[in-house]
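Okay, so chain A shows up in both of these, paired with chain B first and chain C after.
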Partner chain A sequence: MTRSDSSLKPLFGWAAGLAALILLPFVINTYIILLTTEVMIMGIFALSFNLLFGYTGLLSFGHAAFFGMGGYVTAYLLSHACPSLTLAFLTGVAGASLTAIVVGYLSVKLDEIYFAILTLGFGMMFFSLAHQWRSVTGGSDGLTGLVVPRLGWGAFSVDISSPWHYYYLVVAAFLLTVWILRRITQSNFGLILVSIRENKERAAFTGINIRAYRLASFSIAGFFAGVAGGLFAVFDRMASPSMLHWTTSAQPVLMTVLGGAHTFFGPVVGSILFFFIEHIITKFTDIWMIYLGAILIPLVIFFPEGVLGTLLGLKKRKHG
Partner chain B sequence: MSLFFMNLLNGLSLGMLLFLISIGLTIIFGVLGVLNFAHGSLYMLGAYFCFQSVSLFHNFWLALLISPLLVAVLGGIIEMSILRPVYGRDVSFQLLLTFGVLLVLDDAVRLIWGSGYHIVNPPALLNGVVHVAGFTYPVYSLFILGLGPLIGVGLWAFFRLTLWGKKIRAASMDREMAAGIGINVNRLFTGVFFFGTWLAGMGGALATPLRAIGPSMGEKIIIESFIVVVIGGLGSFPGAFLGAIILGLINAYGAEYLPRMTMALPYILLALILLTKPRGLLAREV
Partner chain C sequence: MLDVRDIHSYYGDSHVLQGISLRVGKRESVCLLGRNGAGKTTTMKSIMGYVPPRKGTILFEGRDITRLRTHEIVRMGIGYVPEDRRIFPQLTVRENLEIAARRDASGRWDMASVLELFPLLKRLLDRKGGKMSGGEQQLLAIARALIGNPAFLLLDEPCEGLAPVIVEELKRTILILKEALPFLIAEQNARFALEVSDRGYVIEKGLMKYEGTTESLRSNAEVQQRYLSV
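For the complex of A and B:
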């Protein structure tokens, strides 16, 4: 009895979350719908980053490269009369994944700060490219004027230019990402990643090919960052160089630490907090980073496991 | 030919400025093990303080004295209140905390001085140009060009020849051992951070007659100084000097010969060096 109880419990959580996401549009206004859509897109971005940071122990400061690549390729195709949204989006994700494989191949042999700086350098290389290769990327203006075709085929197609329709598309992508990444982190492969994070030398002595596993983790993270980037470009109807800038790479880092890097849903909680804080503060002033910084500093000092990590830790202690 | 020479001077004077800023970054890393993301913002703060002092007192030299000191005091406070609690933890925590400081400082600057750009004129003594072999060159850039190596030699002598310099080098090699032989490591760390941020503030103040002062100047310079210290070798003095000169020259000549690639060049250089020599050109030797 108790056993079936404990195995059903998480299922309730999932069902409640799913129901909330589906029913949300019936109770809130368009603005919150747009905000929630953005939170989920950035949640995908942050979750993808955390596979690398929280699970594999690699702090990348260039994750925006894949976010931006997914966004730029998707936006390029959509602004050049690509008839299919799915095709444009998948090409964007493929572009991001290929970029991640190449950048990852070169980067994963470095550690800690050197890895962070090298990925930052690669990210800024793509930023410079987007800035200066005007004929393809539109330079500092970015790619604008995206034509978003209907999703699907003939009678079975929807117009996703409505915020509600796009919201449901992003909900689907978000849930799919959560499910896949959850499966990955709970698999043997995920456990090996954690062992690499915990002790690289010991993992290597047990016969694990560290570089191959790190590269795999880096590529998967790049794939999902590309998903987030493609979704974001369609959401924003544009791709701009700021998508590739290192300050964009810093966003998933902040969200992850805010929520907790060693919990699966930490980055999502961080993404919600991030936008919640921004939303409240920008009501009063445009200059909101100062408050974000002022919240972040004590949080990092006193809650090293993040908001979700600390809460879960308390719960665990209470129950035994 | 004169254009080539011009670019050489431009590149070197930019390199000297980068050296001044990077050396602070590399000293802090070498001793405390902290890669300070807020270093560029402290540089920017030095520039703004200098601008403010000049418009208050109308004296550049006085401003040059005051503003780095104010920045350094702030640096000392940051080290004691924010960094000290997390020395035992993973490096990513320190990176994130200094990133938090960056967010606060950058927006504080916007709050106080607005988003517009400001300029400061060079002091009367260094205003004007010199005529050399048929072309003109601003005196102030030459002043920076001479100051860089001077500060480099001064720092080298400080670390090699004075007791404090030796204590700092000892603590950077082994924190616990240094504490064991009676060095007050906490105070030393605060002192080093104070000094490192003083150098950042000094760089900012000295840069005011050369570069426009604006709220994004810190964001740009921090990445440039990261590149400098990493390609030279983190924690290495001669490395920072070499890295700064290389980056300064690349910027100057790149703008002349490869204008479409200037932005990407420093990152390409960074990637090439990290991939061939992962610890930088000159390995650490504090």
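For the complex of A and C:
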């Protein structure tokens, strides 16, 4: 293969992916559009989680805190007559990021199971807060009655209450997230995160400030979880405590393990599989989580690197 | 350059270093000899702030570094080549070097000059660290410490687990380094260590046993018997 071929190949992949996402609404029905929108939002959530897990080696069980924070702040502003969707959304993302900086500062000193338990604790703290603080969060009912303003200004604005319009907004957010996170993971900063994952002692011996890099990774992950949460609240027209529940924290963990933590797109593949499996099973039964578990066990045993990770590994071996 | 004064270090409750003192001068190469478990690596890790001593002080270029964190000590100019499998196995040779390079430093070592010293690594730039031989990994570990432009180098058991031919190669490299910067080298292989250093210490069960020039250590009967025989 010549040099130009191999450097063009990934470009084709990107172009094909982009074209598919743009053209999808022309060939499928509204239900699938909604499903795809949700898959992409959760894909952003899972990608943000994997910066922390797959790249930095920190397993957080409280990532829903930032997803929920992004969702609640956005929903709060939109249910209190915020005139700008952009403003509400960006405030939500800022809220999530700030929360991540504080929680991260207190958590990244710890390792492994201690880190996982502490983040789980923080996550449940935010869940309880949303549950109890009725005057602000609406308690167990959540925040409802969101008024979604048009996106943009005057003549250059668009009504995103139509599923198609919102789909394209989420496509844009998804692609932007993928592009930025890809840049981050391929940068020197990303390499340093991987070196910390591999051996933090050795990383410190090369002069790397472990805590500072972990905190940076945690904050970026919180930022993008906030993006996903804000998008989700607008998508659902509400923010509810379930967004903050630990089972929501478990979702990106499952998606990432399903797709593969050590490949960039693993979490996205995991998100697709997760919704696909859910979609198929809920046609037959309500207790779909039991079946999901039954499917997950063999997947983890036979695809230890996740579905995408294992497939890419096979392809690599085949081509030498 | 480096002045370690009566340090006591612990792993949990076990009192590993029971008052270790040593000095390395500006243009000196010093070795730290001792058997497995004598406290060589703990001494190195105490200097690096990874196992901070509970008592005693460590001065580097006159400044107290005893309570600094590891990365701060590295940035002050101490490069460390740790023992055992020394590199990041999932990163390529190039990536292993890139993460250790200081953009702010304007020292003599950068990617080009380090690769000039280690032509072997130049050919292996895109190979994963874990796919290299033990000797290649050791060279990479030294190159990675150098690219951070240290003023002083700590080498922890560089010969461990290497074939004799590779050890010879390593010796040539360390002798070149000797011209460039002072170092402290910990070794079980006393023969090797004495050949590359000017002065040495012998550590035993967390205590300093002997100290002297390489000649005096070589001629010391007990050192000969315990560390140079076999």
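In the analysis below, the second predicted complex is superposed on the first by the 319 of 320 C-alpha atoms of A that agree within 3 Å, B and C clash if a C-alpha of one lies under 4 Å from a C-alpha of the other, contacts with A are read in each partner's own complex, and residues count from 1 in each chain.
Everything below uses one rule, namely that a residue touches a chain if its C-beta (ideal position, glycine included) is under 8 Å from a C-beta of that chain, and two chains touch if they have at least 3 such contacts.
Just so it is clear, the structure is predicted and the values come from calculations on it, not from any experiment.
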First, second, both or neither for A:Asn199, with chain B first and chain C second: second
Which of chain B and chain C A:Phe122 touches, first, second, both or neither: first
Which superposed partner A:Ile287 touches (first chain B, second chain C, both, neither): first
If touched residues of chain A are counted for chain B and for chain C, the larger one: B
Touching partner for A:Pro304 - first (chain B), second (chain C), both, neither: first
Partner chain in contact with A:Leu296 - chain B first, chain C second, else both or neither: first
Contacts of A:Ala19 with chain B and chain C, given as first, second, both or neither: neither
Which of chain B and chain C A:Ile113 touches, first, second, both or neither: first
Intersection of chain A interface sets (partners chain B, chain C): none
Residues on chain B engaged by chain A in the complex (per definition of touch): 35, 82, 85-86, 89, 91-93, 95-97, 99-104, 106-108, 110-111, 219, 223, 226-227, 230, 234, 260-264, 267-268, 270-271, 274-275, 278-279
Residue numbers on chain A that touch chain C, as the complex places them: 188, 191-192, 194-195, 198-199, 201-210
Contact set on chain A toward chain B in their complex: 53, 59, 106, 109-110, 112-114, 116-118, 120-122, 124-125, 127-129, 131-132, 246-247, 250, 253-254, 257, 287-290, 292-294, 296-297, 300-301, 304
Chain A-facing residues of chain C, complex: 48, 50, 69-72, 74-75, 80, 82, 86-91, 95, 98-100, 102, 144-145, 148
